[in-house]
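Each in structure tokens, the structures are laid out below.
What follows is a pair of complexes built around subunit A, which joins subunit B in one and subunit C in the other.
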Partner chain A sequence: MLLKLSFNSLYARLLTVGMTILAISVSLMLYMSVEKLRTSAYTSFTDTISQTDLIIGARASSVQLMLYSVFRIGNATNNITWESYQDILNKDEVDWAVPISLGDSHKGFRVMGTNRDFFTRYKYRGGQSIIVEKGYLFDDLYDVVLGAGVAEKLEYGIDSPLIVSHGLQSFSDHDDQPFRVSGILKKTGTPVDNTVIVSLAAIEAIHVDWSTGAKIPGLETPIEEIRKMDLTPKNITAALLGVKSKLTIFSLQRWINNYPEEAMTAILPGAALQELWRVVGVVENLLLGISVVVIFTTLIGMTAIMFSSLSERRREMAIWRAMGASPFTIVGLLMLEAIFISLLSIILSLVLLFISLSVLQPWIDYNYGILVNVEMLSINDAYVFALFIFASMLISLLPALRAYWFSINDGMTIKL
Partner chain B sequence: MNENIIKIDSVRFYWSKKSNFKIFIPSLEIRKGEKVLLLGESGSGKTTLLSLLCGFLSPISGTISINGNEINKLSSKSKDEYRADNIGIIFQQFNLLPYAGVIDNILLPLYFSKVRSNSIIDPQETALQLCKQLRLPDDINDYKANRLSVGQQQRVAVARALIGNPSLIIADEPTSSIDTEAQQIFLDLMFEQIYKNKSTLLMVSHDKSLSSRFDRLIDINEIITREN
Partner chain C sequence: MRKSIYYSLLISAMMSVSVAEETRQVDKHEHGVGVLNIATEGSSINFEFMIPGADIVGFEYKAKSDSDIAIVNAALTKFGQFENIFTLPSSSNCTLVDSMIEVDQDDDHDDHDEHDEHDDHDEHDDHDEHDEEAHNEFVAHYSFNCGNVKEIDRIDFPYFNTFPNSGELEVQFVSGVGSTSFEVEGDKPFIDLKGKI
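Presenting the complex of A and B:
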């Protein structure tokens, strides 16, 4: 009966109560979507590369090596020689290795030389593989495979011609050796999307007439001749590595870091990604903090609305009291109301969240490479909700205590 | 029927010592079944008297007995229970919870009083019967309380005060918000029910012309002394 009347009372104030509920649920939704985006961004980010046990490159900090080898941001300080790479490859612990050669670009997109193993060994998001959407992987020396982002932004299709520029921002092109698009990859949400991929041999080929970063004047080896040459690279920039047994990762890492003939660094991708996230994640934490403040603000708003409704409900409370309700019943009624409002807000916010996430999920994934999981609630969410209900109960004590004071003092007088 | 339902002895009340509103009630006795009209202008202390009788306020000194129980000695929780069990209250106006249905409004006291709810077998039916006897429309429960006319609302308030048959009905100017013609009809219906239930009625009004319906007329200025 009390519950029913309390509900009736709320229903009678449908507009104000409804607006309150809407405000609270939007703020809750804001909090939850920031939280969801944050955790999803974290998982997507730390899953940029998976199932690779070690990444090796010239001596550098782990974040730096991670940035240029996986995210293709910044430059390698140095290369590693093909011989060192072969040494590592011949270690018993090593199961597989994929060499990567960076340094050139095409219209602002990085060009990466590698072999065909890259497409099978590079995994992301917990083991997803790269899929060729159109065409095929490189076959010919001058074949190139484009990431989805490159193809889309430059509007390239299969067989589109393409010139690789030397370096990252130079005006000298390798225009004597034009490439042709052989395949386009499916969107991955990783830096692969923005990469132009060629074979290691192709990287060698375009640098045949080059020495220490500049073209040797007058030298122009014909393409037919280049095709006949041994195009085994002398240097590579980095390599992805898989081990046979996870137990050997650390000893192998130590061995590489202490490799006497060349200064090299081997990093654990997971650890490096987390280290990197600590830098990137600050913004997310800030957003989270803001949305907590927004929730708190709406709670204050709810209290304000309860306060303002008190004066018009003073009569109502006098009636309750005349019927024999104790002042504590009045306090209980108001707190019940607050709990009811927050419960409804939570439900509404969840509905709003799941609808908006379901609609936006593909879009966010496509544009930002973040896979938001529209799954069940986590334990953490449940804690937040419990905390929220507790907070709303606590804050509703303020108007409830005022109502208590009214009901003690009003007695038979009905204030108009 | 010479038993007193209300017995006030040397009651003194004020909000604070500095307050210039201090009242003293030397003595007031009302017998069971009596219908008493309490005459007084606003500001005469009648609302305070009613609040004391209903246990909303506690006297500074003196005793108030209802049905032989000294209610000034009860805890505030017991006072609330006592009020629910023994007194049916009718306010001047705005008696009903506007958002609740008529029957729900009538049944409200039963929720707080075991004594009154146990005295009724079928509360729903009893409430409907009361509505019928008070000439309220048959489909009355289809309305929310705030859709009724003021006269109808006051009649619903009577039904609510009477349900479960409390021994004392306290009415604070129940007719002041309804027009003169409707007043007579309202009083006829209310008295009919009060006689039927053999309840005691203490009604406050400033309208002397109503006195013919009552057993006794008390001028509030004769029982309350203002102290300054």
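Presenting the complex of A and C:
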């Protein structure tokens, strides 16, 4: 009875109540989408590399080394020599190692030199391997393998010709040595998607005439001659490393960090990611804080609207009293109203959230490589909703008490 | 971010000496920041602590007075009982199989060997040679064999109470699941390892 009355009363004020519900649900959606993006970004981030025990590079901060070697963000301070790499490779603790050479680009995409082991050793999202979707891995010196994103954005297919540019933003191309697409990888949701992968020998080959730092026009070494050269790299940018036993990781890490011939750094990828996340976490907590404040603002807004509606509803209250409702019923009625509004707002916010995330998901994935998990509602969300309903109930006590006071004073006759 | 400044200082320091014939490099030594590495595989779990002397005994100058020497010895004795430093959940059934405790110095590279006798932590009586040190570092390794490693979902650190001068602990952790890191401080002296082993 009370429920029906309350509902009808709300329905009679459809416009104001509707706007209130909309305001609350938008603020709830804001909170939820920040929370969703936050958790999705974290999982996407930590899922980028798995089963690699150590990453080695020139001495740098662990975060920097991880960003350029795994995420292709920023640049290496230095390269490391092939000799040092071989020294590490010869350590008993080392099970496998994959060298990586960075520094060149193709139309804004990073070019990475590596060997074929990369495709079997690089794992992401809890141990998934890279899959070749079309074509095959590089066979010839001038073969390239494209990440799914590169092929899609540049509309390349198998056998598409490709010129590698020198450096990351430069006008000089390695146009005397054109490449050919031999394979395209399946989408991984990792930075591999946006990488052009060639062999280490190819990186060496395109820099044959660049020993002075620039190419001398007209003096290019013919390709036939380059093919006959020893193209063992002289240096690499970084290397991924696997150990035989996890228990030896730290002693190997110390050995590499203290390697006397060359200043190097070895990092544990997960540990470095966590370190970075502690920094990023400040910003994400800030975002979360802001959205919580927005929720509170709308709750206060809801109370304000209830207050202002009280004066125009004094007549309604009087009728309720005339029909036998006690002042407590009036209090209950208003609290019920608040609960009703917040419940409807939660439902609407979920609908809005899922619609907007479903629409935006491909775009976020494409541009930022973050796969937003649309389906799951976490237990945490349920707590937040429960807390929200409780808060709205509590806050509605204020107008409810005022209505109680009104109804006692006014009784059945109102003097407006 | 303070750390990256240290690193960049280190890099620039190293670049400036790179022309010299011998290689010179110095490990970072940051007061208030201890390092802890934890690795687990199979039924084993290993702990390696590297903690600046200032965090443990409150000074890093030459311990000449008898009282200072006694303080260093007392600290080493405390490290001898791992329960003073950290505790593992009893359900994991871990037993200590090996340990090594020593005071290491890193500003004088010549005499690392003379610390070997600390491998055996029964001889905590004669640490006189440490009196010369300007920068000392406490190094402690503990190896455990556990009945049920997976039960280790949390490690507590009485370390912060044992040594009132202690700052934070930078923890690197690795297991079959992957690696992660923690920053542990005295106001929250534990790490949560749920789902990480």
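We take it that the second predicted complex is superposed on the first by the 326 of 416 C-alpha atoms of A that agree within 3 Å, B and C clash if a C-alpha of one lies under 4 Å from a C-alpha of the other, contacts with A are read in each partner's own complex, and residues count from 1 in each chain.
We adopt the following convention: a residue touches a chain if its C-beta (ideal position, glycine included) is under 8 Å from a C-beta of that chain, and two chains touch if they have at least 3 such contacts.
It should be emphasised that the depicted structure is a prediction, and the values quoted were computed from it without experimental measurement.
Of the two partner chains placed by the overlay, only subunit C lies in contact with A:261; subunit B stays clear of it. By the document's definition of touching, neither partner reaches A:157: not subunit B, not subunit C.
When the shared chain is aligned, subunit C comes close enough to touch A:53, but subunit B does not. Legend: residue contacts after superposition of the two complexes on their common chain; A:61 is shown touching subunit C, with no touch to subunit B.
When the shared chain is aligned, no partner comes close enough to touch A:108: not subunit B, not subunit C.
Contacts of A:245 after superposition: subunit C is touched, whereas subunit B is not reached.
In the superposition on chain A, A:178 makes contact with neither subunit B nor subunit C.
Across the two superposed structures, the residue set of subunit A contacted by subunit B and also by subunit C is empty. On the subunit B side of its complex with subunit A, the touching residues are 47, 50-51, 54, 56-57, 76-77, 80-81, 83-85, 89, 91-100, 104, 107-109, 111-113, 160, 172.
Interface of subunit A with subunit B (complex): residues 1-2, 4-5, 8-9, 11-12, 315-316, 318-319, 321-327, 410-414, 416.
Considering their complex, residues 50-51, 53, 59-61, 63-64, 77, 245-250, 258, 260-261, 263, 268-275, 278-279 of subunit A touch subunit C.
Residue ranges on subunit C touching subunit A, taken from their complex, read 1, 3-4, 7-8, 10-11, 14, 23, 25, 27, 37, 39-41, 44, 46, 48, 172-176, 178-183.
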